[in-house]
């Protein structure tokens, strides 16, 4: 079950820089594990922004929420979720 | 070079239904050819809408414009284009 | 799997009134069947609008799309879909 | 009398974390009491957000306001209220 | 129970002028009856617009919906409804 | 001369709570005086928000501005002003 | 008493061109009379749009509404009204 | 004097196709003359849209308005105008 | 050459009050000088807001930018600039 | 390959002024180098704003992202990116 998620990171200018660096490093690690597990099949950087376009492949909406809300930078994220389904013209 | 394109189809209620059906059939054919050529690697239906989320892989912005503006339903499309690049946490 | 759907009906003023009445009657029938099947557990009228707030209970996003796009008034609907999950404070 | 309420929680990043945890615990307790009393018949988590979709069943608008403004996290909430009525196609 | 309703009338330019004049005349009559019954205690014209600011006093949301959806110009109205309650600083 | 004013109060979370309580108490007193003088004939609480819908009756726009900008909570207000006139269907 | 009015003219593409030309000619005449009477002291064209920025000087909101709603192109206008008062730094 | 103009062309689906083709041909010719005269120094197609980003170099706002409102497709254009000046970091 | 400028002043609640008062006093002085020089021919307070509607008369866009960016409260201003030209129906 | 970028700088009022001045000086230097390299062919100040309209000429989207995200004021920028292509009516 696929969900398209647009993730924008908004760091307040007076947040502690080291905390953010640590959270970002954890975020990368967690994102890579989820990719290896096949839960996060697509992840692209949006040019010119601290934002990404992602597609998640999950078994339920609860699993989607569990994954997103456990991301280290979640408190700084603005998320837009779009449920996807197979397109009649898609060849795969 | 990847571009994320959100494509919403808006058919005016008084458009000729047969013309739209014919254009739609052509659209499917053209979308499949572009997928086979590797130009349109991702195509998903947005649930509950006559809309899709697509990723195009092109050599230039001119090629992107040529592909999009030649789509049979282009006159009825509202398009949002987002340039993508590699994400530092992506494993592929 | 629950999806919250806000459905707004927009009928163009020059649409054929009898066609709309027929589609509306079919819509009611279909909505009632889906309720009996447990697919459409909540359906409320939004006061002062030709709109409703609905919750659908489906097995997949594809099923959600199939249900919505088969509604007789679908071509006149503007839909907003929100995936729902269990709330930690919910008692049921 | 039913009101649909979309509740978004916005915690400023420099708010005291323990205060927020305490308010959240109180919020859960209060939400559960209101559910047991039948005042808050539906409560769903919105996937990927610190937000919920709720339906309140109250005797008056004043009661609705009293309930909402007494919630512990009320100062951090953005609320959207939509009055609901029976839908002609609803089977219950 | 008071509801604040902002009513904007949008007449398509190609609507039949006599139909609109007749509906408008009926609308005035119905608005006056509802005022005499105490159901529509406040009705002001918004300067420079075919719009009004209204306050309705009803026994239920269903009654509010019944009143609004029976207005002759309802198909041409864009409505915004805001539930009101007593203000702690109001002297009446 | 009537002006409809939608007043939303936005208190920053790190404002001094006692200062706000004092300003609020002054605000209530000033609102009541203006009601007794007939300058603020309608004042309703918007359900679920720290906001109100008001109607002011003033002799000039300058008087309206003087009244609003002298309110103790004015620095925290977002105001939307709509000039009103008599509605042709109003019975009073 | 001054009101700032932003007037945007939206002519549907299938409106009768001669009717619009006639209404426009009447509009010019009426605008000039109102300027000679001192009711419409400022009138500027917005560059690149069929729109103008105007200031009206009227005795009441009812007079403002009467003037605007009697303009020949009123049915095609989108209007934004802003009440003005004397600025403390203005030298006149 | 430079003005940045974003020009979006919106052709109603029931406009006469030959008229539009003729206006478009005239538009191209006029755009090229204005480029040769140095009045329209930059003109780019926005990818995926019937829209362009332009910079005009004119002697006055009146000249800008005269040029834009004389474009054959002007009645179908939505325009956004931004006045530009020299940037302190620009090397030319 | 006339530019319409809507100026909204947004003072953060934790800005130093005396600094703001001093900047405001300087702002008044500078605004009056610019009015005496004929550069700022119109300046009105927007009722109920710390905002004004202004018309500037300048020789170039660079002069407009120089004037605006030198205003003492410029760092707290949100500005909307609209180029104006002579209206065909204006009598002056 | 051309990208149109609208760059708005938003400096929080409590940011350290000297840090901002230093970053701004670095920004100017970097902007000038990129212009000399032909990567940033157009750079204009938007009148009345701390904002600019820019056109970048890059070999890939990754290069665009690398350039933008390395700008010293990047953390304070809101960016809007629009891919450009050759316009059929452009003479160059």
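Just so it is clear, A, B, C, D, E, F, G, H, I and J label the chains in written order, and each chain counts residues from 1 on its own.
Keep in mind that, in the parts below, contacts are C-beta pairs under 8 Å (C-beta built on N, C-alpha and C of every residue); 3 or more make two chains touch, one makes a residue touch a chain.
Please read all numbers here as calculations on a predicted model, not as lab measurements.
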Repeated interface matching I-J, over half of the contact pairs identical, chosen among A-J, F-G or E-F: A-J
Chain copies touching (chain I, chain J) - same or different residues, decided at half shared: different
Rotation, 0 to 180 degrees and nearest 5, that superposes chain B on copy chain D via CA atoms: 180
Higher-contact pair (C-beta pairs counted), A-J versus E-F: E-F
Distance-maximising chain from chain C - centres being C-alpha averages: I
Whole-Å gap separating chain F and chain J, where each centre is the average of the chain's CA atoms: 43
Distance between the centres, which are taken as Cα means, of chain I and chain F, whole angstrom: 27
Residue list for chain J, restricted to those that touch at least two other chains: 2, 14, 45, 47-48, 61, 64-65, 81-86
Listing of all chain pairs that touch each other, if any do: A-B, A-C, A-D, A-J, B-C, B-H, B-J, C-D, C-E, D-E, D-F, E-F, E-G, F-G, F-I, G-H, G-I, H-I, H-J, I-J
Residue ranges of chain B touching chain C (in the complex, touch as defined): 11, 13-14, 45, 47-49
Interfacial residue positions of chain B with respect to chain A in the complex: 2, 4, 27-28, 31-32, 35-36, 42-48, 52-53, 55, 82-92
Chain I residues within the chain J interface of the complex: 5, 12, 14-15, 61, 64-65, 68-69, 75-76, 79, 81
Interfacial residue positions of chain E with respect to chain D in the complex: 1-3, 60-62, 64-65, 81-86
